[in-house]
Amino acid sequence: MTTARRAGTSSSERPSSRLPKPVRQALAFILIIVIIVILWEGLKWFAGDPWRPDNNPFGISHKPMWKLKIASDLNLPHVWTIIEAFGKPSRRNGPPLFEILLAASFFTFREAFMGFLIGGVLGFVLGTIFAHIRFAERGCMPYVVASQTVPILAIAPMVIIWLKAGWVSVAVISAYLTFFPVTINTLRGLKSPPRSAVDLMHSYAASKWAIMWKLRFPSALPYIFVALKISATASVVGAIIGELPSGIRDGLGGAILNFNQYYISGPQRLWATIIASAFVGIFFFVLIALLEKIVLSGRYPETELM
Amino acid sequence: MTNTPTVSLKNVTKIFNPGQPNEVTALKNINLDIWPHEFVSLVGPSGCGKSTLLRLIADLTQPTEGTVQVNGKSAYRARIEQDYGIVFQSPTLYEWRTVAKNVELPLELMKYGRAERRERARKMLQLVELEGFENHHPWQLSGGMQQRVSIARALAFDPALLLMDEPFGALDEMTRERMNLELQNIWDRTGATIVFVTHSIPEAVFLSNRVVMLSPRPGCIAEIVDIDLPMPRAWEVREDPHYFELVNHLRDTLREIEGGMRE
Amino acid sequence: MSRTVWREYMPAIVVAVAALVLWEAAVRGFQIERFLLPAPSAIVTNFIENFERLVHIGWFTTKEALGGFFIGCSLGILAAFITARWVAVNEAILPFAIAANSVPILAFAPIVNNWFGVDNPLSKMIIVAVIVFFPVMINTIRGLTLVDKNALELMHSYAASEVEILWKLRTPNALPYIFNAFKIAAALSMIGAVVSEYFGGNRSALGVFITQEAALFRFENAWSAIIIACIVGITFYLIIVAVERAVIPWYFEQRKAERH
């Protein structure tokens, strides 16, 4: 992938800027967030609720010229109000919000991680079976694809009845979202070695088992990691969705429901919860991306001439 | 008129990643003139910079030092004014275009009218003996046929200079030999100047007026050999004792270079 | 029916029949409670009885999904084309888009409901659009930038301008990627619409209906609604596949040729 991307730019020869790529990307990332914040507050400046000295850290008084419903303090709280919310208790005499959200994030991450493991193993097993048994692939693949058009939330209540409310049922719901990409990419990856590579193994009279572990599996790894990165994200979404109908209140899904109920009195708490969810999703993705880097290190050339 | 060389390289040096730990001097102090209607082959061990030299002429990469001129102007101007056609080792056909449309691509970019594009594409495909394949898609053709399409594409706008980067490197021996004959034919009929990169010494000797042997690290010209076999060359030239002499001589030079590399 | 077609579909049919028979037998044999798992026959009967109503609520949610699909895909492609012009911008945007794609967008549903009103289909369309936006944008950027190096050099050898390269090379190169994104988006948009209805919505919406029926333990109704959602999702997907075949035939023919 790296090679292909580099090939696409054609700028490899130009002495592209002095900073190393990760630093440039991190800076760009920060820049984009700054732009979003500026746009956000800009919208509130021109079309939000009046700025009072006590609702912004600059002590500004300002009356916006237009009024948009989307930009009101209820619908789009000030950035600093949201940041502030992390430090304030969400109910009287309770712990500060960030402690609650941190605990909720851990809780949801654990569910997501279990779902990811279950889904990943299931996906790999299914993909392997499909790659080796033609009938299974032809017979089951259409339903594996169709399974992804089932709105997961719809079967969640049933799963919860089957397995009792608890993090196990949430993990299963999360696994339902994660197994699919792994199945597809395992199958594609195991089938990816060219004819000649398989023939070479046959020329050594290698067993099916040996072909699988010496050729097919290593060839499939890059494909599988692509899927795992998708699954990492999906498992967090799955865990949050799974919490909604299960009555579990300790995770981010529960927090979303809870703060949604009290939206009028504190919209910034729901926004803070969304930011926490975003962090969990990104954290899991980055975790798998790092793992990919370690496992697949040395597969692609670091630098290329020309 | 013939006082201007088609390609003129003066003191050309090319350094990749200058100032960095992975700095490589690909070419050093190259001086070479190529004259109109010449067929010049660049040969040498892999990594000697022969492809880089061709890319310098094509202005797809720029020299670190020295000047590259094509038809008496800078390589950059020559590229902008489309003084050359180029053929890569891979045919590089666009899979979403038919064979004829692929040949028309440079003509479209040069704003030729529709009718003229069609006419030229037809003629060029005739030249490379692919009439009847206009509406095929690239994947329906064999490797040799695909490469013929890419030659037709390079010739579509009658460039005076044809640059070829190991065009037959990926073809099987028999197709390659047939393509050699065809290329000589095309060269004869179009009167173009051809700069040809190859790693096959027999191929270079068979096709060229001059063979330029490069030695690697840093790439520089080891020897230039005039091929004084009569033109046009028929197949039988390959059995001519003088042909063998030339091939063997170049092979010896190559062996010397490679021997020097090992020390 | 020719033999090859039969061989292509036979396994899928065999598996479906076997699964349904086993399911029915299990429910009857072990006398599984109706609210745990209804028998296929019960679901089918329910489906037929409520067909008109199901079509009605299905269509309501389908409209939301379609609206979100079009908004999200258009914006995703637009954003990719704007940024594809500058490699540097692209390099910066891609990691951001990937990060944004791992944000559970669904968490925004209650907020968007507050913006445009719970009953307003636009609320759901916006959520679907945001869910769909990132995969479409990421795929389009990949398609525009992952261009064969030689093909790009060829364009440079013609001294082609960036605009010409964009139209003659990058865009056709991106089409298969874009269609892949559409396929992902098609499946996502229906799911997204149903799931975003969980946080409240019109009474005649699929997600609201499923949630309510499940809460009342009327699982036959819920399953019938799930079937409708599946049918719409699969149909949507197949339509994209058909359009893809019409628009980029070269891509399929090449694939087919490589397989033989």
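Per-chain residue numbering starts at 1, and chain names A, B and C are given in the order in which the chains are listed.
Everything below uses one rule, namely that contacts are C-beta pairs under 8 Å (C-beta built on N, C-alpha and C of every residue); 3 or more make two chains touch, one makes a residue touch a chain.
Remember, predicted model here, so these are calculated numbers, not experimental data.
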For which pair of chains is the number of C-beta contacts greatest?
A-C
Suppose chain centres are the mean of their C-alpha atoms. Which chain sits farthest from chain A?
B
Calculate how many whole Å lie between the centre of chain B and the centre of chain C, each centre taken as the average of the chain's C-alpha atoms.
49
Computed distance of Cα centres, chain C from chain A, in Å
17
Counting only residues that touch at least 2 other chains, which ones in chain C make the list?
148, 153, 156
Which of the residues in chain B end up touching chain C in this complex?
58, 60, 79-82, 84, 86, 88, 90, 92, 94-96, 105-106, 108-110, 137, 139-140
Chain A residues within the chain C interface of the complex:
4-5, 7-11, 21, 24-25, 28-29, 31-32, 69-70, 74-75, 135-136, 138-143, 146, 148-155, 157-158, 161-162, 232-233, 236-237, 240-241, 244-245, 252, 256, 260, 263, 267, 270-271, 273-274, 277-278, 281-282, 284-285
Across the complex, what residues on chain C touch chain B?
148, 150-151, 153-154, 156-160, 164, 168-169, 172, 175, 248, 250-251, 253-254, 257-258
Along chain C, where are the residues that touch chain A in the complex?
8, 10-12, 14-16, 35-37, 87, 91-93, 95-96, 98-99, 101-104, 106-108, 110-111, 114-115, 145-149, 152-153, 156, 187, 190-191, 194-195, 198-199, 206-207, 210-211, 214-215, 219, 222, 225-226, 229-230, 232-234, 237
